[in-house]
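Look at the two complexes coming up: chain A is in both, with chain B in one and chain C in the other.
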Partner chain A sequence: MRLAIAGAGAVGSSVAQLAGDYGHRVTAVADSSSAAIDPDGLDVDAVLERKDSEGAVGTADPGDALETDYDVLVEATPTTLGDAQPGFGHLQRALQRDRHVVLANKGPVAERYGEVMALAEDSAGEVRFEATVGGAIPVLSTIEDYGPETITAARGVLNGTANFILSRMAAEGLDYEHVLAEAQDLGVAEADPSFDVEGTDAALKCVILANVLSDGREYTLEDATVEGIEAIPPSALELARGDGRTIRLIGEVAGGEIRVGPRLVPEQADLAPSGTRNIVQLETENAGRLNLSGRGAGGPETATAVLSDINRLTRAVP
Partner chain B sequence: MRLAIAGAGAVGSSVAQLAGDYGHRVTAVADSSSAAIDPDGLDVDAVLERKDSEGAVGTADPGDALETDYDVLVEATPTTLGDAQPGFGHLQRALQRDRHVVLANKGPVAERYGEVMALAEDSAGEVRFEATVGGAIPVLSTIEDYGPETITAARGVLNGTANFILSRMAAEGLDYEHVLAEAQDLGVAEADPSFDVEGTDAALKCVILANVLSDGREYTLEDATVEGIEAIPPSALELARGDGRTIRLIGEVAGGEIRVGPRLVPEQADLAPSGTRNIVQLETENAGRLNLSGRGAGGPETATAVLSDINRLTRAVP
Partner chain C sequence: MSETRTQAYTVRLELVDEPGELLRALEPIADNGGNLLSIFHERGNVTPRGHIPVEVDLEATPERFETIVEALRDAGVNVVQAGQERYSEELTIVLVGHLVDTDLSDTLSRLRTETNSRVADLSLSAPEGTDDESSARLRLKTDQGAVGETLQAVRTVADEKDLRVIEPLATGGGV
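And then the complex of A and B:
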């Protein structure tokens, strides 16, 4: 397949780097200020080197990347709330041109799911977004194969940064501010960690799950009840530990409700992974509970989910 | 889709019962001595009631089930070794008629993988077999979506009976014979448990994984190094426990080698599920380790995997 990649951050760059191994060709890469375009296939290494050295992937206008030859638009610009721009606009343009869209950007399917599905309905292109929930973990593909109507609930640990902080606080008896600083040093938390520690990122993933599992109702971030981890004192973790439990930031989608917040879970339970690992539990109508766990973030990990989606497109009815 | 189901045991019956919920129609069900056939769709409840009361699903010849109208043959006759008959013959006939085949029967893909793939190559029908490895767990679909060439190793607990016995032995300090009898009372172990406790069942699943992950070499049960759990004394489990470990029957596929045998694993590790639960770990080239766990056996659970495969067929390029 020929890929156009919007967004040249960790995920976009990883998709570009791995595309060749999966038999694809990259015809365009765009960052926020420029684009590199070659319908015959870009020299990806050269493009990414240029990005490193000159701060721009190329000399073309970023908008031109959407007008070149490609089969799949990989939308990997940063997730934005509300109007989900510029990601939504990119998706819209690609679908209008009857191209497929694979999202790593959560915005369009968390905030404007109904519009995205309507655009896909009118297009010969398909929209896939495995990378938006649980990184490398095959959550949405499993739901699709099982049939969304046979999944009765989904819950899990969906933010690696928050999980890292809670794991460390519990293991070392350290307070939130201390561990957050440590996580920032390690690159596990961003300079502004609010998106992760306030539960917004986990909530967006739950909203996407709710949309996929819904039989018609559309959800946005506003429908989620969200609590973060900033207010958890070490004493709460200590208290939990005395009872063989710990605290994790759990997201849950069930019965049309979306909730994200700190929850007490048994210390050795599936829902208490350590470090940055994510887990998703799916409750199924006919086969009990499925546990799917793996790396929930990271460039190559998330790129793998994008490439899995592209693999599925190659098998889809045109 | 129109389904013909060969085999009316726990899995075949469950597929028949659930098919309607998934939008499919059952046009034939065959057991070893008879068949019920109706190109317009069978009354599944009546067929299964007849099976219960009269010991036969219908009055037609079982072979006729393969000649009626259907889109997918669900092959759910018992797994046999060597020539993998009658399952292999059923698969062959369906593919020759350009029909799809979904296997719950491990025999054809464990013992005659190359022939199965060659038949599929010459057919407009496709062969899928998610149900043969890990019951309800989406193992093969994940490998397919990721791309088999990006999976470097697979290991796991792939037999619920053996895992139940080892879990109980470890938890209660009881000996093998005692727990086996208990498992037989509970219906977790069969009257002749050798297939499960000698490691053959887990090995067949590993052979299937090896075939799927292979880039050309074909594997059969003969290529697997297999050791069972019958000789494990309670003292070994006690010794392991003193060290924070336990013993599980682990199957592993890596570097062209297939090994199944009792292994020491940390008591709280992912590879030490309790009871009849199965887990599969996939080591990936670009996304670290994936853990997939769930119910590895049972009629509705395995039927769910069959129905997932059929879902994937409906999206496949014809």
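And then the complex of A and C:
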């Protein structure tokens, strides 16, 4: 497959780097200000080196990347709320050209799911978005394989940063600010961690899960009840521990409700992973509870989900 | 087969402090179809007569429960009290906020009156002193099937006092 990659951050760059190993060719890479385009296939290393040294992937106009020859658009620009732009526009253009779209960007499927599905309906291209929920963990493809109608509920730890902070606070008895600073030093938390610690990122993933599991109703972030972890003092974790429990930021999708917030769970529970690990628990109608866990973020990890989506496209298109 | 609902009961026994007494007291329960839930053996708390109080929580249908009490008495076990346990579900929550400033004892009594539940256990942690934010872990005992209702009432009380509730996951397990 020929790939055009929008977004040259951790995920976009990793997809570009790994594409060759998976038998694909990268014909375009665009960042916010520039693009590198070659219908015969780009020299990915040179493009990324240029991005590193000059801050831009190439000299072409980023808009032209979407007009070049490709089979799949990999949309890996940053997630935005509300109108989900520019990601949504990129997806729209690709589908109008009957190209496939693989999203790593959560915005379009969390905020404008109905429109995305309608565009896909009218296109010969498909939309897949495994990378938007749980990084490397095959959550959406498992739901697809089982059949969304056989899944009665989904819950999980869907944000590695928040989980890292809570598990460090619990283990070391340190306060939130201290652990956050440590997480930032380690590169586990971003300079502005609000998206992660306020629960927004986990909520977006839950909204996407709700959309996939839903029978017609469309959900957006507005439908989610969201609480973050900033106000949790070490004393709360200590009390939880005294009772064999701990606190984790848990997202839940069940009965048309989406809820994200800190919850008490048994210390040894599946839903109390430590560090940045993510887990998704699916309640199935015929097979009981299913636990899927692994790395929920990171460039190569998330790129793996993107590439497995592309693989599924290869199978789907004659 | 008649479908009679099982209920939770508490039986208070007083046992002679001799080896094998506890087992002898539990056998009539198991033999008559009672499902043991918990046994609280107060070894350190001897009655004036030198007996050891034991509290047994069990589940049984009302008919079987009567048979169990009779069988215990037939076996010579001293049954002090036998009755239905009113509080048969438990949930643990953590409250965070200005617990002391917002009158903790009022919070607790409102939980009792408004949620039809009882605070079975309370631990408070106020590392910065009582003027600052503190945390409390509460174990609430509530009626069978009333956990959702209880949580809703907890949220209402907490909301009014600007306290934060950290709820348990998935009532009924969640492991």
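Criterion: the second predicted complex is superposed on the first by the 316 of 318 C-alpha atoms of A that agree within 3 Å, B and C clash if a C-alpha of one lies under 4 Å from a C-alpha of the other, contacts with A are read in each partner's own complex, and residues count from 1 in each chain.
Keep this in mind: a residue touches a chain if its C-beta (ideal position, glycine included) is under 8 Å from a C-beta of that chain, and two chains touch if they have at least 3 such contacts.
What you are looking at is a predicted structure, and each value in this text was computed from that prediction instead of being measured.
Peer 1: Here chain A is shared; do chain B and chain C fit on it together or clash?
Peer 2: fit
Peer 1: I'd like to know which partner A:155 touches here: chain B for first, chain C for second, both or neither.
Peer 2: A:155 sits against chain C, while chain B stays out of touch.
Peer 1: Classify the contacts of A:97 with the two partner chains as first (chain B alone), second (chain C alone), both, or neither.
Peer 2: Neither partner.
Peer 1: In the superposed arrangement, does A:250 touch chain B (first), chain C (second), both or neither?
Peer 2: Only chain C is touched by A:250; chain B is not.
Peer 1: Between chain B (first) and chain C (second), which does A:304 come into contact with in this model arrangement: first, second, both, or neither?
Peer 2: First partner only.
Peer 1: Is the number of chain A residues in contact higher for chain B or for chain C?
Peer 2: The partner with more contacted residues on chain A is B.
Peer 1: Taking CA centres, what is the chain B/chain A/chain C angle in steps of 10 degrees?
Peer 2: Result: 70 degrees, to the nearest ten.
Peer 1: On the combined arrangement from the superposition, state the nearest Cα-Cα distance between chain B and chain C in Å.
Peer 2: It comes out at 12 Å between the closest C-alpha atoms.
Peer 1: Check chain A for residues that touch chain B in one structure and chain C in the other, and list them.
Peer 2: Common to the two interfaces on chain A: residues 268, 270.
Peer 1: Considering only the defined contacts, which chain B positions touch chain A in the complex?
Peer 2: These residues of chain B touch chain A: 14, 18, 21-22, 135-138, 141-142, 144-147, 150, 268, 270, 284, 286-295, 298, 300-301, 303-305, 307-308, 311-312, 315-318.
Peer 1: Given the complex with chain C, which residues does chain A contribute to the contact?
Peer 2: Chain A reaches chain C through residues 155, 231-236, 238-240, 242-243, 245, 247, 250, 252, 261-266, 268-271.
Peer 1: Which of the residues in chain C end up touching chain A in this complex?
Peer 2: Residues 92-94, 96, 123, 125-127, 133-137, 139, 164, 166-170, 174-175 of chain C touch chain A in their complex.
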